[in-house]
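Okay, got some structures for you below.
Next come two complexes, and both contain chain A; in the first it sits with chain B, in the second with chain C.
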Partner chain A sequence: MSEIPLPQAAKRVVPWWLLRHETMLAMILLIALIVLGGFNNRFLTLDNLLNQGRLTTEVGLIALPMTFIIITGGIDLSVGSIVGLCAILLGYSWKIFGLPLPLAICFSLLVGAAAGFLNGIVITKVKVPPLIMTIATLALYRGLAEGISQARSVRGYPEWFYFVGQENLFGVPAQLWLLLIAIVVAAIVLDRTTFGRTLYAIGNNETAARFSGLPVDRVKLIVYTLSGLMAGLSACVLVSRVTTTRSDMGIGYELDVIAAVVLGGTSIFGGVGTIWGTVVGLAMIQLLKNGLALTGVKGDATIVVIGTVLIFSTLVASSLQRRREGV
Partner chain B sequence: MTTGTHSETPAAPLLSVHAIEKAFPGVRALSGVSFDTARGEVHALLGENGAGKSTLIKIVSGVFPPDRGEVLVDGRPVDLARPDDARRAGIATIYQELLLFPELTVAENIFMGHAPRAGLRRIDWRAMHEKTNALLASLEIHDLQADRIVGSLSVGNRQRVEILRALSQDARILIMDEPTAALTEYDVTRLFDIVRKLKARGVAVIYISHRLDEIFAIADRVTVLRDGAHVATRRVADTDAAELVQLMVGRRIESLFPKITVPIGKPVLEVKDLERRPLTRRVSLTVRAGEIVGLAGLVGSGRSELAQTIFGVTPADNGEIRITGQKIDIRSPAQARSLGVAYVPEDRGTQGLVRPMTVRENFSLAALGKVAFGGFIDRAAERKLAGDGVKRFAVKTSSLEQIAGKLSGGNQQKIVLGKWLANGPKLLILDEPTRGIDVGAKAEIHRLMGELAAQGLAILMISSELPEVLGMSDRVLVMREGRIVAEFSREEATQESIGAAMMGSHGNAEKAA
Partner chain C sequence: MTAETLAGAEADPRRRLRVLASQEALLAIAVIGLAIVVGLYNPRFLAARNLSDVLLGNAYIAVAAVGMSMVIISGNIDISVGALIGVLATISGTLAVNGAPIVVAWLAALVAGVVVMALQGVIIAYLRIPAIVVTLGMLSVLKGGLISVTGGKWITDLPDSFHLADIELFGALPFPVFLMILVTILAALWMRYSASGRAIYAVGGSAEAARLCGISHPRTIVMVFALHGLFAGAAALLYATQLRVIQSTVPPNLELTIITASVVGGVSILGGVGTVVGSTLAAVLIAEIASALVFIDVSPYWIRAVQGVLILVTVIADILRRRRMAGA
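Coming up: the complex of A and B.
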């Protein structure tokens, strides 16, 4: 009974990749770039674009593990607070405790990872919903940062420390290399490894993933820890760029990060999403902000435009989804 | 293109469907299907999963339009562009998943969208309750009150609410899609009473079911579909189960339970005094290589819980498990898998399959270790694994990239089975392996079980279907209240003896089928 003929696959009028959310978004981005470039001749210059890359690195580094987390159907709202906590601990462990700066950097990365690990362990072992756990630690980590800093800032870092945040390497902002490497690694991990496949399986059907013997809890623990670690890295890059440490650093990052991820087509319900989408989402938000600012649009109007773009892209995505499902 | 076996109908057809064609991208769902039904007739639609029954009833209930052909009510063509059009034509459909509002009352559910109005378009609550009571009385339903919250009702009673809802809209044609799938024996009897009352009132009922015995109990005529085409329409009185199965499957099924006797080897699974309260209590059992052990019991007797404890989903508190003689403390499904244990769970949709993922991804899900090297998935190896599985299990799919959830139940089950066999297990635990799948797929899965046992696999099969337990098992264990209460050899096992053990000493042997 193996000679049952397989029905022919449907003929597609439009190639599948053109209908992908990421492709559509990239096209919208391209159009926006051309329009904004037409308004302002300072916008579409290499210098400006590279500089925008520099500015988006801190959010971008966090958006990569956030893509993983949202694909599993989770969320991490505490990343902005982890940035603040790590920045403060970087400054304090160097200035007040007298650690050598490289060790202080390691220490702050470690704290970031530990903060993420705490999120992960409570979410997987105590089964607290990620939204609730990370809202709690959003407050907790920010509170710690403010408590430790007592509203004082740390500055006067050695000159070499500013390299990552302010200098160029082969003509490209140094931190952008960091982001590019992270993007490539994240994309490969998500697309090609069993780890990435497990993320999708968890997001689509956690029970079935568990019943298939996939290490669901371990994978979740890893992504939340990774999220904390990358928030720590982001803190170091941020301090290096702005040369000072304050406890209010990273406030609101969680929303920028989630906006970029979701704009990039990752489903907030889990199971769907790509790193490329997140990258396009990041570029879109940063370039819109910059392009509108250069064209003379005020800050609050920029937010309105970004909100509108987010809604619009969600509409496009859901109509594509319906089309794919042939309803 | 109706067949010549049409017998004259009792009266002029109330509903007739003429030469319906419908294609979806890549699939020809219906090709020239015609059938009709008269006032007061129960007309059964029969066919395997994927035969086109669902598509046909969706066209009749206005969910989507046909590509070609027409639907006539009282001999006049009707345009069923939307579900609302069907409702106005007097057609109501009761789907398998009931579409009720669990937080609202019986009366509110019945009159949702067409509540009786008083002045200023206010809802006339009194009239609504009176009408509900009248409906209840007309079907002689006495254990349902108009102000009960629907969420607190049994499945059978919820279904009655749906039927009342259809009647409140003056439905003359009632379509029921596998109405007994989730019902208890008692509720099935009551459903049949209601169907007979509707029949007496002149309502035409289109009844879809896999269960042949129900069709013989309730239907007047039966139409068989296969691969989207009309195969035959017969009067129920003029046919028998064997003929219907043959029409449905398109070939003779020689034996429903192709049990092969194979030499039985060493013990693969030995469980001693296993405990996980409340539903696994000091359970001991052995399954040997080449042996199929049936595990019977009522729903809630602890069979699935036992399986999940052995598989590490809910690790045991006490007792020991030996796999091929080695004592092992299984703490997780991943560990069980690496020991060669496979578990095909009861609930295909939530436990077995990741429905939004592709056929390829589902096939490799439990065997990622086989197609990955250093954590990297080898795409070619994965495609080969999935492709081999599709061939071996004759999964009907348009491609490996098809979304698994869109396949029929039987094909989904083959994927779940296939994904576990890809790992080359020593022990296979099957939990209701053929629930809700059609006769053809069922026979294939049974045949496969026989082959696997012949290859030396140890199989523990949980089933609520006694003929399946009797037909497939070398030995039968019976569970009740978390304990194994009886064991029968293949020769000793009968419906009566197993049924009595399932129910306890005071119960009666329940006749299945």
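Coming up: the complex of A and C.
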């Protein structure tokens, strides 16, 4: 990113990596862990931490492509609705249309990808701003989920389907492996491939990226499709964990996802961000929820905290950025 | 805007066509056309009782959409307004039940609405944080705060005098409908003929040009949000007083309905264009569609999907139309 070592930076006593957003955040995370652990001895146990990993997977899977999207300067508010739509279609294609469950899972993933593709195609071809396009599909996809399900739920899935959501693999929650693999792949893609670097180029200056011959539209189309696909995957993991399908699944996911990404240092203005930051942001948000819950704060109050954290982390990040730019 | 007027002056017949093709006219035709078509299918839809219920029950959406339109015209967005209306309704109802003078209970909703929205306006305008981040954060603060403070307990036993929505003016005109029409006309006149109203369009059209004309960008944004808060307060009062109970929760997806009304009403998401007359007509149209679904035996669970399609179609049409005008 923009961390070109300036001459005076070399004279600083503090090494540069210590001042990075991710490092500072990781340190705050560590302190928060210790403090919360001190308040409650159930908090800092391996069991609890692994369980929190299980709970964060659904949001985490979506936060990775959201990092890509926000780096390009876009946003996707429809992810929660895509989760709802995919969950409903998973249940319905299995129970009502009688597809075998593996096929139903594929179908639901396909629908997720198609939903993301629709976002991407309208954003790139018609040039509708991502914010408005995804507000429209936030309504549309949730509306389809509600219309198709008619507020009925689907349950009674076969036993094997619950493996991903509820069992352990090598002592770690099964879906956490999914998230770990996705994190590694996303980090490599963002950091080490032309595709990943193109995302930064688009976010920094889309016109310049276009004139440099970068396939701007194609890359954007891919990230929005990916976002839909991962929301579909997240829906399958969610259904597997909670064993039922309802049309209100995934409501409010966009808040958790965007909060995690922005807290992780990805600039809402585009051009800046890392997967590692998002991972730390995710951990912060989940531990905040869990820590507050263990100290007796109710679930509704935790979204107050997440909302506040979202606003403040953006405030701090943008004022830091303004100072760095030397105004 | 100016380009349109100029083109109209050159070719008069085309100008008349333009007026017919304006968003407001299209919406008015749609509102009447839909009523006729659904009425032919099921005459009970046209019963005076049903039509007035549709207007009464949804006037608050039109009032809130007036503020939302200003916000969108200024180049911003607000997704916290649905949660805010829930909070304001609860504040007002709680005060009324606990024996505060009714006028105080009403005023409290308006004042709190202005304060919360102006605060968001300040963060957006002076600290330069995108509206989507600020209002998404505020949405969760208000929503979570409301449920954790009230526990979702319903407010009942509201004093009779609290119910603004029951008032009928001139013996026949229900107050919510009156307020909807009044707010729309006043806001439309103000935005068209006053300098401060025109400033909203200027800021949304081109922030840089507005600055060069001596319009303070941050001050205009804060003003827009404060007004939006005032309208949200008025909407909350209509919402709170139309039923005998206040549910102390955030009406689900209310912000989406309000945004739909503004966008379908012709307010351009690219900023700088649109009228509140359009947004009020669109609010009526959306309410009419929701009611019509029931009368043509379609499950009301489809209404959200219909809204999504409506936004999508309007937005795409708006952008294609602009592109054609720019190309021509």
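Methods note: the second predicted complex is superposed on the first by the 288 of 327 C-alpha atoms of A that agree within 3 Å, B and C clash if a C-alpha of one lies under 4 Å from a C-alpha of the other, contacts with A are read in each partner's own complex, and residues count from 1 in each chain.
Here is the rule we go by: a contact is a pair of C-beta atoms (placed from the backbone, for glycine too) under 8 Å apart; a residue touches a chain by one contact, two chains touch by 3 or more.
The structure presented is a predicted model; accordingly, all values stated were derived computationally and were not measured.
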item: Which of chain B and chain C A:G213 touches, first, second, both or neither; value: first
item: Which of chain B and chain C A:I311 touches, first, second, both or neither; value: second
item: Which of chain B and chain C A:A139 touches, first, second, both or neither; value: second
item: Contacts of A:G171 with chain B and chain C, given as first, second, both or neither; value: neither
item: Chain A residues touched - chain C or chain B, whichever exceeds; value: C
item: First, second, both or neither for A:L255, with chain B first and chain C second; value: second
item: Contacts of A:I303 with chain B and chain C, given as first, second, both or neither; value: second
item: Partner chain in contact with A:I75 - chain B first, chain C second, else both or neither; value: second
item: On chain A, positions contacted by chain B and by chain C; value: none
item: Chain C partner contacts - residues on chain A that touch it in the complex; value: 75, 77, 122, 126-129, 131-133, 135-144, 146-147, 149-151, 252, 254-255, 258-259, 262, 268-269, 298, 300-308, 310-311, 314-315, 318-319
item: Footprint of chain A on chain B - complex, ascending; value: 24-28, 311, 313, 332-334, 336-338, 343, 345, 350-357, 361, 364-366, 368-369, 372, 375-377, 391-392, 394, 396-399, 419, 444
item: Chain A contact footprint on chain C (complex, rising order); value: 77, 79, 123, 127-130, 132-134, 136-141, 143-145, 147-148, 253, 256, 259-260, 263, 269-270, 299, 301-309, 311-312, 315-316, 319-320
item: Of chain A, residues touching chain B in the complex; value: 1-2, 4, 6-10, 192-195, 197-198, 200-201, 204-205, 207-215, 271-272, 326
